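In what comes next, subunit A is part of two complexes: it sits with subunit B in the first one and with subunit C in the second one.
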Partner chain A sequence: MKRYFGRKILIYLLTFFLAVTIDWMIPRFMPGDPVRNMLTRVSVNTNASAIQMMYDYYSHLFGLDMPLWQQYLSFWKSLFMGELGISVYLFPTPVKDVLLRAIPYDAFLLVPSILLSWYAGNKFGAFAARSKWLDNTISPLSYILTATPYMWLGILLAWFFGIVLGIFPIAGAYSFTMRPNLSWNFIGSVFHHWFLPFASLFLVGFGGWAIGMRNMIIYELEADYSHFLGALGAPKKLVRKYAFSNAVLPQITGLALQLGVIVAGALVTEVVFSYPGIGYLLLAAIQNQDYFLIQGCFLFIIIGVLLANFIIDIAYILVDPRTRRGMTGETA
Partner chain B sequence: MKRTTIVISILAALSMLLAACGPTPTQAAPTSEPAPSEGQEPEPVATEFPRNETLYVSGAAWGPASTWNPFQPGSLANTTGTIGFVYEFLFDFDPLTGEFIPWLAESGDWADDTTYEVTLRSGLAWSDGQPLTAADVKFTAELGQKYAALWFAPLWTNTGLTAVEAADDTHVTFTFSDPLYQEWGNYLYNLPIVPKHLWENRTEEEITTGANEKPVGSGAYMYLDNAEDRNIWARNENWWGINVFGKPAPKYIVDIRTSSNNIALGMVLKGELDLSNNFLPGVATLADQGYVKTYFAKAPYMLSANTAVLFLNTTLKPMDDAAFRRALAFAIDVPSIVNVAYAQLVKAASPTGLLPSLSKFDDKAVLAELGYKFDTAKAKQMLADAGYADVDNDGFVEAPDGSKIELEVTCPNGWTDWMAAIDIIASSAQEAGINIKAAYPDYGAWNTALQGGTFHMTLNNWAGMSNTPWTLYNLLFRHPIQEQMQSGNFGRYDNQDLFDLVDALAKVPVTDEAGMKAACSAIQEMMLTDMPMIPLWYNGLWSQYSTSTWNNWPDENAANPTLPTTWSGYWQMGGLMTLINLAPAE
Partner chain C sequence: MGLQVENLTIYYQTLSGDVRALENATFSLEGGEIMGLAGESGCGKTTLGHSLIFLAPPMKYVGGRVLLDGEELPIQDMEKMNEFRFRDISIIPQYAMNALNPIRKIGRMTEELLQAKKVDFKAVLPELKRRLDLVKLPHDVLDLYPIELSGGMKQRMVMVVSTLLDPSLLIADEITSALDVASQKAVAEMLVEFRDQDCCKSAIVITHDISILYQIADSIMIMYAGQVAEKASTRTIIHSPRHPYTKLLISSLPEIGVKYSERQLTGIPGKPPLLLDPPPGCRFRDRCPIAFDKCLEVPPFVEIEKGHFVACWKEAGNA
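Moving on to the complex of A and B:
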C-alpha cells in the first residue's frame, strides 16, 4: 500500500515538474515581446517618446529584463510561495486573482458535465446494448455526438436555442440586468445561462461514454463467465449486473485519459458561449503573449488533471479487487 | 486495506479537488464597506437594473476589468469610462466640428506666446463632495514632472511646460518655453484630472501602476460594479455638469465583454444590446434591412476613425526608390478593399492620410497634382519609366539593376478584415507586375517585425481622431530614426527636410488655421512626391445600435451629431454627449 502510493506520488510529482517546466518554456518560445504588445495597446496619440521609458519600466516590473535561467529559477521560487506573477494582459491584476475569479465558473461547468455525462453515458450504454431498437436509433446518434467538435455543437445549440427559439441566453454567466445576490431570481438566471454550455459538454461526453459502454457490455456478455452464469439459470438482470461491473473498469481508465480533452473542450465552449472562465482568458493570454497568465491557466489545468487522475487511481482500488490484492501483496 | 479507509481517502481527495475548484459558482458580491481612502459608496442600488433605465453596450472591453487608474491609458484597462466617465478633462473635443468644448475649464487661452491660462468653472466637485479646484489641476499636471513612467511625462520634457501655478481656486497658469501648441491642444482633452486630496499621499507605484479600485472622480458616471464579463456604471446624480450639459439619460450603463463579435451581433439582434462598437462584417446588409441603425444610412455606414496606412520599409530595395513607391500606390486596388474586404463599411482614404474630420487641411492643389488612385496601366507605365522591366519573363518586373523583386505584405494573423485587405494589395500589385505575397504572422511576431524594421511592407493605423493633423504626421514621420521604432515611421523613412516641416507644424498655434494649412501643404507635397508610405482607407468607428429601448442616436441627419461610441478615449470626443442626448424609446 505504502509502496504503491509512494510510487504513484513520485510519478505525479515528476509529471508535475515536467509539465510546469514545459508550461514555462512554451510561451517564451513564441516570437514577440509581451511588454511591446502591451504598450501597443496604450494609445500612442501624441506621447510617443514616453514609450521607451514605459518599456524599460514594465520590463523590469515583470522581471523580463533578467537572463532566462534566472527567470526560470525565480518562477519556481515564487510558485512555491504561491505567487504566479502579475498578468501583462490584465495589468496590474495578479494572475492568482484573475484565476480565482475565473475558476469557479470552470468548476461549475466542468464537474457536473464530466460526472453526469460519464454516469448517464455508462448507464445508458449498458441499457442500450443488445436492445435492438435502441441500438439502431440511439447508438448512431451517439456516434454522431461523440464525433462532434465541442465548438460546433456549441454554436448549433446557441443558434437554435438562443437565436431561433430565443429561450436561452447566448452570453454571460448570469443576466446582464442583475448583480449577484441571494434570490431565486438570480439563482434561476445562473442556471439559465449555465444550461447551454453545460449541455454541449454533456452531450458530446455522453455519446462517447454510451458507445464505449455498449461495446464493453456486448463483449462481457460474450465472456465465458456470462455464459456460465446464464447456463446456471441466473436471471438476465443478474448477468448484466456482473457484466456491468467488469465493463465499467476500462471506462474509469478512459475517464482519466479523457480529462485533458474535456478540459480543452470546456475552454472552447466558454468562448462560444461567452461564458466567463479560463477559456477566454487563456485565448486572450496567448494572443497577448501574457507569459504569466498562460502559465497560470495551464497550471490550473495541470493540477486539475493530475488531481482527477489521482482520484481515479484511488477509485480503481475501490472498484477493482485485483488492484487491491496486488497492492497489499495478497495473491488471487 | 479496509473499505472505510478507502472511502475516507476518496472523500479527502474529493474535498481537495473542490477546494481547488473554489466554493461557489457565482461571482462574489462586491464588498459593501467603502474603502477608507476613497470616500463614500454610491447609494445602494437594486440588484436588478430596470431595462428602461439601463444602456447595454459592448465593443470597448476585451477582457475582465483590471484597473481604474486613469493614468493607465488606452485600451489597457478594459474599463471604458474610467477616463471620461469618472475622470474628466479641462476640455472636450468634437472631432466632427473641430471645436474644443470647455469642460472642467470655463475658458482657456494663450495669454501670450508662452503662457496658457485656464479658468475653471465654479461649483465643480468630486463625487465624494470635495470641491474640484485649480490645486487639483496643478497637482495632476505636476505628476508628469515627478514620474517619468507616466504617459504624459513628455508634457514637461517635450511639449515645453516649465511650471504650473494656481493663482486661486479657479485660475491655473501654465508656463512654457518654446511650446508645441498642437500637442498641448491634445493634452487639454486627454489628461484626466485626479483629486489631489486622495492622490497626494500615494506612492509612485500606486500612482503609475496601481489599480485604483473604487475610483473617485468628478464625472457623470460612477463605478458601481464589475464582474468577469461586465463593467457597471451608475449615474452620478450630483454631477456638476447636469446644469451645464444636461443629465445623461441612462441611469446605469452595463458594458459587456463578449468573447467574439458574432455574439455581440446576436445580442444586438435580440435587443439585449443597445450599442455595439464591435466590427461586424456584413452589418451593411443588416442596416439596409433595418435590423440595426448605423451613423450613415448608406455606405460607408460608419464614421471614419483612423487611417490604415501601408508602411514601406524604405531601408530595403526596391522600397528605397521613390519611383517604385509611387508606382505601387497606383497599383493597389483600394476600391476592392472597400467593396469586397469591408463590404462597403469603410471609405477610401485621402492620399494625404488625413481623416475626413481634418479634411480642411488637405491641399486640393497638391492632391490634384500628386494624388494617386487605383490604375494598373498607369502603375505599369510608371514602373517601366523608372527602369523596372520583366527581364526573365516570369510575369513580374525586376529592379533596374536586374535583381529579382520578391516582397511580402503582412498583418497580424486573425485580423480578418486586414487579412482580406492585404490579399487584395498583393493580388492587385501582382497585376501591375510587382511580385508581392501576403503573409499573416502571429501578432507578437508582426509587432516585433514592425518595431524592429524587419518587414517589407505592413499595415498600421495608430493615429486616430485628433484635434490636429500633427497627430498623423507625428506617426508617419516620427524621428529621430532609432533601432526600435515603437510609435511611428516604422519604414524608417529618413528625410530631415520633412521632419523639420513636421516640427514646424507642431509649433504653429492652434488658432492659426492658415499657418497650419500652409505647414500641412508643405508636408503633403513632399510626402506625395516621395511616397514613403501609402494611406489606403479609413477604418470605421464601428458602431451599430438598436432603437428598441433608446432613441435619439446620433446620425448623419442629426442637428449636432456626436460620436456613437464607447471606445476608450472617445468619451471626451462626443461619446458622453451621445449619452446625454439619448431619450427613452416610446
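Moving on to the complex of A and C:
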C-alpha cells in the first residue's frame, strides 16, 4: 500500500516537473515580444528613446532581460512561493488574481455539465443496450450529437435560442447591467447566462458517454460471467446490474480525463458564448503573448489533470478489486 | 425418472443458412446416472448440453421434447426456462474459469444470485460451507475476488455454486479440459462424490477425453456430426462397441502394454462432413469402412441389447 502510493506520487511529481518545464518553455519560444506588444497596444508616445526607456523598464520588471536559465530558475523559485507573476495583458493585476476570478465560472459551467452528461449518458447508454427499439433511437441520436462539431452546435444554439427565440442571452456570465452581488436577481441572471453554454457542453458530452456505455454493456452482456448467470436462470435485472458495474470502469477513467481539463475550460464554448472562464482567458493571453498568464493557465490545467488522475487512481482501487493487486508491487 | 430426450433437433442460424448441429437426438438418462457425452470437436455435444438449459440465439429450436423427472422442460422458451434453471437443471460451463463476476466477492455474488432466485442465503450457508469442504476449498474463498483464486480453484468454486440447489440434472461441459492430469482426476472424482451425496441426481459429462469417462461415467454416449451414434454402459462402449465410428474411435486410443513404436496408432481417415449442408443418411458414411447402399437413409437409434443403443444399419437388423 505504502509502496504503491510512494511510487504513484513519485510518478506524479516527475510528470508535474516535466509538464511545468514545457509550460515555461512554450510561450518563450513563440515568435514576438510581449513587452513590445504591450507598448504598441497602449502607444501614446512616439518618441523612440522614451519607448526604449519604457521597454527596458518593463523588461526588467518582468525579468525578461535576464538570460533564459536565470528566468527558468526564478520561475521555479517564485512558483514555490506561490507567485505566478504579473499579467502583461492585464497589467498590473497579478496572474493569480486573474485566474482566481475566472475559475469559479469554469467550475460552475464545467463541473455540472461533465458530471451530469456522464451520469445521464451512462444511464441512457445502458438503457439503449436493452432493446433493439431503444438502440435504434438513442444510438443514432448520440452519434449525431457526439459527431457534431462542437463550435457549430454552440453557435447554432446561441443563434436559435439567443437570436431567433431571444429567450437566452448569448454573451457574458451575467447581465452587463449588473455588478456581482448576492441577490436573487443576480443569481438568476447568472443561471440565465449559464444555461446555453451548459446545454451545449452537456449535449455533446452526453452523446459520447452514451455511445461508450452502450458498446461496453453489449460487450459485458456477452462476457462469460453474464452467460453463466443467464444459464443459472438469474433474472435479467441482476445480469444487467453486473454488466453495468463492469462496464462503468472504463467510463470512470474517461471521466477523470474530462475532469482534468476542466481548468482548460471549454475554450471553444467560452469563446462562442464570451463566457469569462480560463479558456477565454487563455485565448486572450496567447493573442497578447502574455507569458505569465499563459503559464498560469497551463499550470492550472496541469494541476487539474494530475489531481483528477490521482483521485481516479484511488477511486479505481475502491471500485475494481483487480487494481488492488498492483498495490502489492507487481506492476506500476 | 431421470431425463428423456426425444427427437431433439437444434440448428444454428448463420448468414449462410442453418447449421444442423444436432439432429433427432433421442436418449434417456436414469436418475443417478452419470453419462459421458463424447465425440470430436463440432459433433454437437456442447450444443446438446447447452440446448437443455440455455437455448440462446444463434441456437434455434427446431423440434423434439425434453422431459426431466416426467415434466416437460420448455427449453425453447427462454423466460419460462428460468424456473427450471439452477433448481432442476444446472451447468458447469466450459468457461468456468471466467464464469464469476470479476468485481464481486464470491460470497456476495452467490448471495445475490440466490436472492434473485428467492432462496435464503443464510439457510444455505452451512450447506455451502460443507460443500466447500467437499471440494477442498477454504471457507474464506467467499471473501475473495475471483482473481485471487487459481484456475482450478475457480473451477471447483463454480462446481459448488452450480450444484447448490441440488439440481436433478447437472451438465458438466469440458470441466477437465483446462486442468493438468492430477487436477483432472480430482475434479472428476469430486463430480462422482457430488452425485453420491445427492448434490445432483444425474449428470451429463461432456468431454472428448474418454479416459476420464472411463473413470467416472456409468454410461457413454458417442456423437458424430450432429447425430447420436451409440449409447451403452461404459464397459460396453470401451470393450465391445458396435457402431463402426465408436469402434474406430476406441481403437485409436492408446493402450497400456502396447508398444506403439512397433504397431502404429491409427486414426480415422477423412474428416467429418460440414453441417451446413450435410449429406443425407448416415453422416459417417463417407469414412465408414462397412458402408453400403442402405446408409443413404438415416439409421434408427435402436436398442440391440438392454441399455445398448446403436444407430447403424448393420446392427439394426440384429435387434
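Following the convention adopted for this analysis, the second predicted complex is superposed on the first by the 309 of 332 C-alpha atoms of A that agree within 3 Å, B and C clash if a C-alpha of one lies under 4 Å from a C-alpha of the other, contacts with A are read in each partner's own complex, and residues count from 1 in each chain.
To be clear about the criterion, contacts are C-beta pairs under 8 Å (C-beta built on N, C-alpha and C of every residue); 3 or more make two chains touch, one makes a residue touch a chain.
Quick caveat: nothing in here was measured; it's all calculated off a predicted structure.
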item: Side-by-side fit of subunit B and subunit C on subunit A, or clash; value: fit
item: Touching partner for A:Val271 - first (subunit B), second (subunit C), both, neither; value: first
item: Which superposed partner A:Gly233 touches (first subunit B, second subunit C, both, neither); value: second
item: Contacts of A:Asn181 with subunit B and subunit C, given as first, second, both or neither; value: first
item: First, second, both or neither for A:Tyr242, with subunit B first and subunit C second; value: second
item: Which superposed partner A:Leu307 touches (first subunit B, second subunit C, both, neither); value: first
item: Superposition-derived comparison: subunit B or subunit C, residues of subunit A touched; value: B
item: Following superposition on chain A: angle at subunit A, subunit B versus subunit C, Cα, nearest 10°; value: 160
item: Partner chain(s) touched by A:Pro92 [first = subunit B, second = subunit C, both, neither]; value: first
item: Overlay on chain A, subunit C to subunit B nearest C-alpha distance, Å; value: 14
item: Residues of subunit A touching subunit B in the complex; value: 1, 30-34, 36-55, 57, 61, 87, 89-93, 98, 100-108, 111, 158, 162-163, 166, 169-174, 176-181, 183, 185-186, 190, 194, 270-277, 279-281, 283-284, 287-289, 303-304, 307-308, 310-311, 314-315, 317-318, 324, 327-328
item: Residue numbers on subunit A that touch subunit C, as the complex places them; value: 223-225, 227-235, 237-238, 242, 245-246, 249, 319-322, 325
item: Contact set on subunit B toward subunit A in their complex; value: 1, 3, 6-7, 9-10, 13-14, 16-18, 20-30, 45, 47-49, 51, 54, 56, 62-64, 66-67, 72-76, 78, 148-155, 157-158, 183, 186-187, 190, 208-211, 225, 227-230, 232, 254, 256-260, 263, 266-267, 269-270, 272, 414, 441-445, 447-448, 451, 462-464, 466, 470-471, 474-475, 478, 484, 486-488, 568-569
item: Residue numbers on subunit C that touch subunit A, as the complex places them; value: 50, 53-54, 56, 81-87, 90-91, 93, 95, 98-105, 112-113, 116-117, 145, 147, 158, 161-162
